[in-house]
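Structure record follows, encoded as structure tokens.
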């Protein structure tokens, strides 16, 4: 059992009386790949931002985020920025707004290196060059001097990944890293991220609404809905035999080549209704307004139960069911 | 310094945003601006005395004198009344100019969003030219040709305000014109004028209001400056700038005379600026979420 | 009926690039070359391609937003850029659009009821607005309580339904949906796609669905055109294109599809 690089305990994220994350427990071990899947309003992005200490003013946290021996929610901003980029780093969804538009790309990479490690300018430059090569970017020497707006979306995202990897962090958090990219570039970027993370032995926390991405990149998955974790477990187990009706609904409603009759005769089941707004989240099990099996018992919040994989549901799918991706 | 900039919009679009209707700036700003507006309106029906009434026997009475709560000036004129009427004049001049600037600036700003580049260039370069005329010089020229006074001060101020509004309105309008609902309206065959009036203006209205309050404040300051120089408002009209000018002569002897109009200006300008900030926070365009 | 209801014939489009030299001639970029695309009445057709393929340009030409530099854009056989005012209005009434970003496609300062009525007013459609609104809301599965609300009170999926409702108001024959589900959450995508399929089946609508995701198009349409480099490089039934892609662009699109099964089997990233 390798050590924990991230231990999130009972995390609550709120703004005044609006609670977006309601007690999330999440653990990432060294070298592990954990995925957090959920749609907008589920609280997954806020969870990531809370871990990174990047919540906007007005948002408060409760609970603990343990990493590298400290509780990240309790340390000062200054102490935190000493860690960001070094022991944990983040890849954001939109590379255009996450990279500094006025700074050359090479400088952004060497900047991180020189801030956190004691390398000389020459060593930093060489390391940056190596990273660009590892990211399979064309003409790396020239690329160092390029500005973000001169690059394509896929290239920018690879730069962001390079920056995130530069200091060999224990944990990389990727928040929808390929959502803003053209579909033909997605696989390339994921491939690179996968290889680089593996090579450095970093752990990965991947946050996305895109189930196939989680299936491709992660070994462990948490499904979030209404600010809570509703199911978690090894990816294979959860995706092949989902126990929570929401997970099952998600898997069945994606039009993918797996479930589309290519003559268009079938019908994609869809989850009725829509995600309730934060201020009108149902009490008890948040999913009960859209669930076919809800009853009075669901007015109480269910806890995560099960072995192998755990689901927070009073009426979970029977374990023997093969409903799911197939 | 981390090279990574945090993206702006984090709350997601699935949750309808609860807009905060009130904040501290808004309340403080409204109270301060309200106070000065009330005083100005009051001056229409009542002042303790006629601010232009000269009474040489009562000159330079100090603060708290009987019948003259804030004292009198070198010619015996009541300071409190002058301040009240001054508030009224400041509003007429500053708000008048800001309003004129708003209307003309909005029209020209919207014209400058046309699809024809030469139209836009003409309007914007015209705005640049107007903006490069120093306000004081222009006011001086006006004072020399048509005489100083409330009218010419309003005119002088609006020459500066209009092009500023043009720029602000144009920028905001261009952003709205990029939105899909404008494309949709175009596809229904709506004409440009309709789109500007019914779709663009309501969506830039908050920007216009905030700019108006801020230029109102600028107007008060500028009017004070121009009147101080003698090229703005002149007696028998009373303005805070004139009071400052007149008080200059008595600085050693009766310093409070300069302090009252100064304080009044600070109060009004501060109140308007705070109000503008508060309005901007409340009316800020909703942050856009990533996915719905 | 063998006349396509909308058709792009030999369409080409070029754009002038920004000046690179002060006195040089501005270069032209060929965004579309010799494109033939059509939809028969009642058909659901898909248009896919990655960014830069010319898909967006063709979409703008199909909806009549842009005039092609070459070729003809026809509605019921007539060139839409040569129509008189009444016929042009008829074209606009008959061909409606649903755009990608539901939050941007409705005026945030207008109530939903007001937004829905716009097409009728603008296109001078002679029909009772209230009755038509009720009809259309029912078709998209929304209740009349939405009419007095503002866009910011709704989720993306609901807004997209409202956008579809608005498109249906003037009794169109063709709905062109430009990436209608790309900005939506996964569980809502199915809802909206199902709605589009139902409308085609129940109302006999012609649907042109533009997307970058082959699975979305495969689910919703019966014929797909693949674009690349400003041209249509392949067309066919979705099943054919998936199993036997011939053009490299099609192959690239098929390859880029990530599925849960592949991911679980460890084959996704190879």
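Residue numbering begins at 1 within each chain, and the chains themselves are lettered A, B and C in the order written.
Everything below uses one rule, namely that a contact is a pair of C-beta atoms (placed from the backbone, for glycine too) under 8 Å apart; a residue touches a chain by one contact, two chains touch by 3 or more.
Computed from a predicted model, the values in this text were never measured in an experiment.
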Of the other chains, whose C-alpha centre is the longest way from the centre of chain C?
B
Maximum number of contact pairs occurs between chains A-C
Find the geometric centre of each of chain A and chain C from their Cα atoms only, then give the gap between the two centres in Å, rounded to an integer.
31
Centroid from C-alpha atoms only, then distance chain A to chain B, rounded to Å. What do you get?
48
Two-or-more-chain contact residues of chain A, please, as numbers and ranges.
39-41, 209, 274-275, 277
In chain C, which residues are in touch with two or more of the other chains?
155-157, 185, 188
Where in chain B do residues touch two or more other chains at once?
13-14, 16, 291-292
Chain C contacts chain A in the complex at 50-51, 155-158, 185-191, 193-194, 197, 212-216, 218-222, 237-239, 242-243, 252-253, 255-264, 268-269
In the complex, go through chain B and note every residue touching chain C.
13-14, 16-17, 179-181, 183-190, 199, 202-203, 286, 288, 291-292
The answer for chain A against chain C in the complex is residues 39-41, 182-184, 186-187, 190-191, 194, 209-217, 235-236, 239-240, 249-251, 253-258, 260, 262-264, 267-272, 274-275, 277, 325-326
Residues on chain C engaged by chain B in the complex (per definition of touch):
63-65, 88-89, 92, 97, 99-110, 115, 118-119, 122-123, 152-157, 159-160, 166, 183-185, 188
